Amino acid sequence: MADKLHLDQHISQKFNDELEDIRNRALLMGGLVEKQVSGGLQALLEGDSELGNQVVHTDHEVNSMEIEIDEMCNGILARRQPAASDLRLIVTVIKVITDLERIGDEAEKLGRFAVDLANSSELPAYRKELRHLGDLVESMLRDALHCFARMDYEAALKTAARDDDINAEYETLSRLLITHVMEDPRQVKNVFNITWCARALERIADHSVNICEYVVFLVKGKDIRHTNPKDISKSLFS
Amino acid sequence: MSTSTTLNDIIPGSPAIQESTKVDDVTAMLDSIEGTVGTTRVENPKMEMREVDVFYADKQAIYDVDLDVARNEVIAMIGPSGCGKSTFLRCLNRMNDTIPICRVTGSITLDGVDINTREQDPVLLRARVGMVFQKPNPFAKSIFDNVAYGPRIHGLAANRAELDEIVISSLKRAGLYDEVKSRLDAPGTSLSGGQQQRLCIARTIAVNPEVILMDEPCSALDPIATARIEELIDELRENYAIAIVTHSMQQAARVSQRTAYFHLGKLVEVGKTNDIFTNPQHDLTENYITGRFG
Amino acid sequence: MSSTTEIVQASLARRYKAESRFRLYGIVAISISLSFLAFLLISITYKSIPAFYETQVQLTVNLDAEKLGVGASPDIKAIKTANYSGVIKGALREQFPDVKKRKAKKELYSLVSVGAQYQLRDFILEDPSVIGTEQTIWLIADDELNGLVTAVSDVTDIGDTPTRLSEQQRGWINTLQQQDQVKTGFNYTFFSAGDSREPELAGIKAALIGSAWVLLVTFLVSFPVAVAAAIYLEEFAPTNRWTDVIEVNINNLAAVPSIVFGLLGLAVFINFFALPRSAPLIGGIVLSLMTLPTIIISSRAALKAVPPSIREAAQGLGASKVQVVFHHVLPLAMPGILTGTIIGLAQALGETAPLLMIGMVAFIVDIPQSIVDPATALPVQVFLWSDSPERAFVAKTSAAIVVLLGFLVVMNAVAVFLRKRFERRW
């Protein structure tokens, strides 16, 4: 594996394997969450209650994976006392899986709304408005996970910057939904649900930003949270 | 963060890093070390070392090292065996003088005064810069005489009462007094390993030095004795500047404020211990503290 | 897995056999050396037994002033030169009145040692008032008589025990024995007298004191010099070609035959410095030369064995080089140095050849009072006695060897004691 942290170059082969295992599991969990998000979105857009239920059930799996990876990380902290990049990897994984779990919760929310919507008397057409936001968020999550997999902090910085677009899209969508309510006040419940879904998508994007920031911490050892972008580049490229 | 190596490290993707990160190519990396990564100097240092080279006959053991020891600070020196960290430590109180083939160049100052001049007496220097060794090595004397030896040869106590006071306060500061107060006449070698090492520390501080050098002080001790010594080091920091060489990275991480990483006689990186152990700048440092090949 | 077990098991018996075989070799080797030692000790001790016994004959002597050839109130000089021999002979004639022939009389007289007259003289000197009285006193018997009565219980039936006593003499002895006029006791003379031509009068004391003086000189000369040399070479000397040369030569010196040192002593101390011949001073100095390398080598080994960490610790506290050596290194090396010294002195104690060269082989009757008095040493005394024709000197020689060995044992015991004391402190 040609990563930047030389995870395979420890003198202890077992340590290599353990770190690799943790990282793989985190990526696997990421893949699962990614599938959950796209499934939830699809169920919502297509009114597929079965898919929605599936998404809801997948959450258990995500939760148990989080616990499992957490335990493995604790074990490594206790037994190996990792330092430097190894320490950062473990800390990053612990944080990434927390965010992944939250993303999983948001995806579960999407699934529940999808089931609710599918069971309601009529499917509101404007739910399709979520598609654009959903696509943006999905690709952002995917890119964030790719950055984590490749430990590519430059791409991570770029990906994190896309949060602004998503926030703008979310604003637009909110305004659009308000217009729908104004046109037809009886739709207020459905519109409210859709707003919740949009909100969930926006949260997923925020968690993705977190993951990107962890990648920068992992690779560069710099904590860039709550820092403005100019300072970030200054501290990273000075 | 001023050397080319560091820049290579910071900007990924450039061809230089692809080559230099090949861990088996250590020699090339070492040749590329132009200076030391990190800040070697501190404000108002206790000891300053500038361009220090050490030779054993024709073989160079230390290459051009700059480093400061700050007041009331523990600086840890880590690195693989044979990296020169102990040799470097022994320059600080001229213990290398005892090795005929050893030659030290460059300047080492204590409070701004060069210690390697003819005028500087090594005996006086060693009274000011004490040393604790790897193996607990109490003299074949009683506990009391062990601690009293330094004050006696230097004439620090005018009478027996003063000597008693020095010995007792040193033992107290070394956290050993309560354990040995009833048997100060017992031989120093009758103590346990950890107690012996604390006796050696008491012996060192009885001379009231300004700097204490420790050469792997816990390598022969069990974890509990080690923890007690580490606690003691932390307490001693209030009054002394301490430089410690250790093979245990965890120990360096626990006791020191700054850490210096030596590799093949060069000082590769110096920095705050926190930074060194979470985000070392040099690949060699990283490889060493994370237990990678290199 | 099982195959490993089988292979190992197959070789186990062979391995254990090799082990027990080796153990057996060791035991055999030790037994051989022990039996040699035991043979030596037993044979020497056995042969030495007669030397530790002294036989005395009880005679009634008539201390008549006329017979003694002194006046009624003699002065000390007259007493000293009195005719004791005649008185003793008279007493013997009185004891055996039938002996008339000249030859038989001579044989009779030879039963009592020539030393008996001195014994009688001392007796009178102690109390001159006994002159004119008749006294019954114990007098030293001849060495042949002593040898015979300590060897057999019945002197008339001696089997093939070698003796120069005639049948007639043995008959007289038997008569004396039956009258309880012969007694055998511990030989104090052996430990209180100097050398003598007469075995029954010869003692070891002069040689013992001579050896002690020699050893004292040897110790006083070699110990400080050797220890100082060892300390300098080990702790202070720079490592260069000169110190290498010195080291090699010290080792060579240890291998030089001891007689060469004797020649050196003869040439330098006696011929050049004109120091007194046969004196323990010269003997001691010559033996010191021989002992020096032994002590230097063992002292250096002892100094080298002191852990460097102790030196570093003291230096780290700011002790100077001399302080480090004298406060820490030397006390720790002392037991080893002492052991080396004792080995060296034991070697010196047993050395004969160089002493012969400087004249310590002389016949010395007087106990030496100082290191410049003529003296002999134990091994030289052994050498001298072993050369003497009288049968009784065989026993004396063995006895002297026993004393020499005893001296060695005492010396080693002292060494062990000293070392224990030094070590017990820490």
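For the reader, a short list of remarks on this structure follows.
Here the chain labels run A, B and C in written order, and each chain numbers its own residues starting at 1.
Keep in mind that, in the parts below, contacts are C-beta pairs under 8 Å (C-beta built on N, C-alpha and C of every residue); 3 or more make two chains touch, one makes a residue touch a chain.
Please read these numbers as outputs of a predicted model, since none were measured by experiment.
Hopping across touching chains, the smallest step count from chain B to chain C is 1. Looking at contact counts per chain pair, the maximum sits at B-C. For chain A, the chain with the farthest CA centroid is C. Think of the whole protein's Cα atoms as having one middle point; the chain whose own Cα middle lies nearest to it is B.
Centre-to-centre spacing of chain B and chain C amounts to 61 Å, using the average Cα coordinate of each chain. Annotation: 102 Å between the Cα-based centres of chain A and chain C.
Chain B has its Cα centroid 47 Å from the Cα centroid of chain A. For chain B, no residue reaches two or more other chains under the stated contact definition.
Of all residues in chain C, none touches 2 or more other chains. Of all residues in chain B, those touching chain C in their complex are 93, 95, 98, 100, 123-127, 130-133, 135, 137-141, 149-150, 153-154, 187, 189, 200, 203-204, 207. Taken in their complex, chain A has these residues touching chain B: 4, 6, 9-12, 15, 81-88, 153-154, 219-222, 236-238. Interface residues of chain C facing chain B in the complex, by the touch rule stated above, are 238-239, 307, 309-320, 323, 327-328, 331-332, 425-426. In the complex of the two chains, the chain B residues touching chain A come out as 1, 10-12, 21, 23, 249-250, 253, 276-280, 285-287, 289-294.
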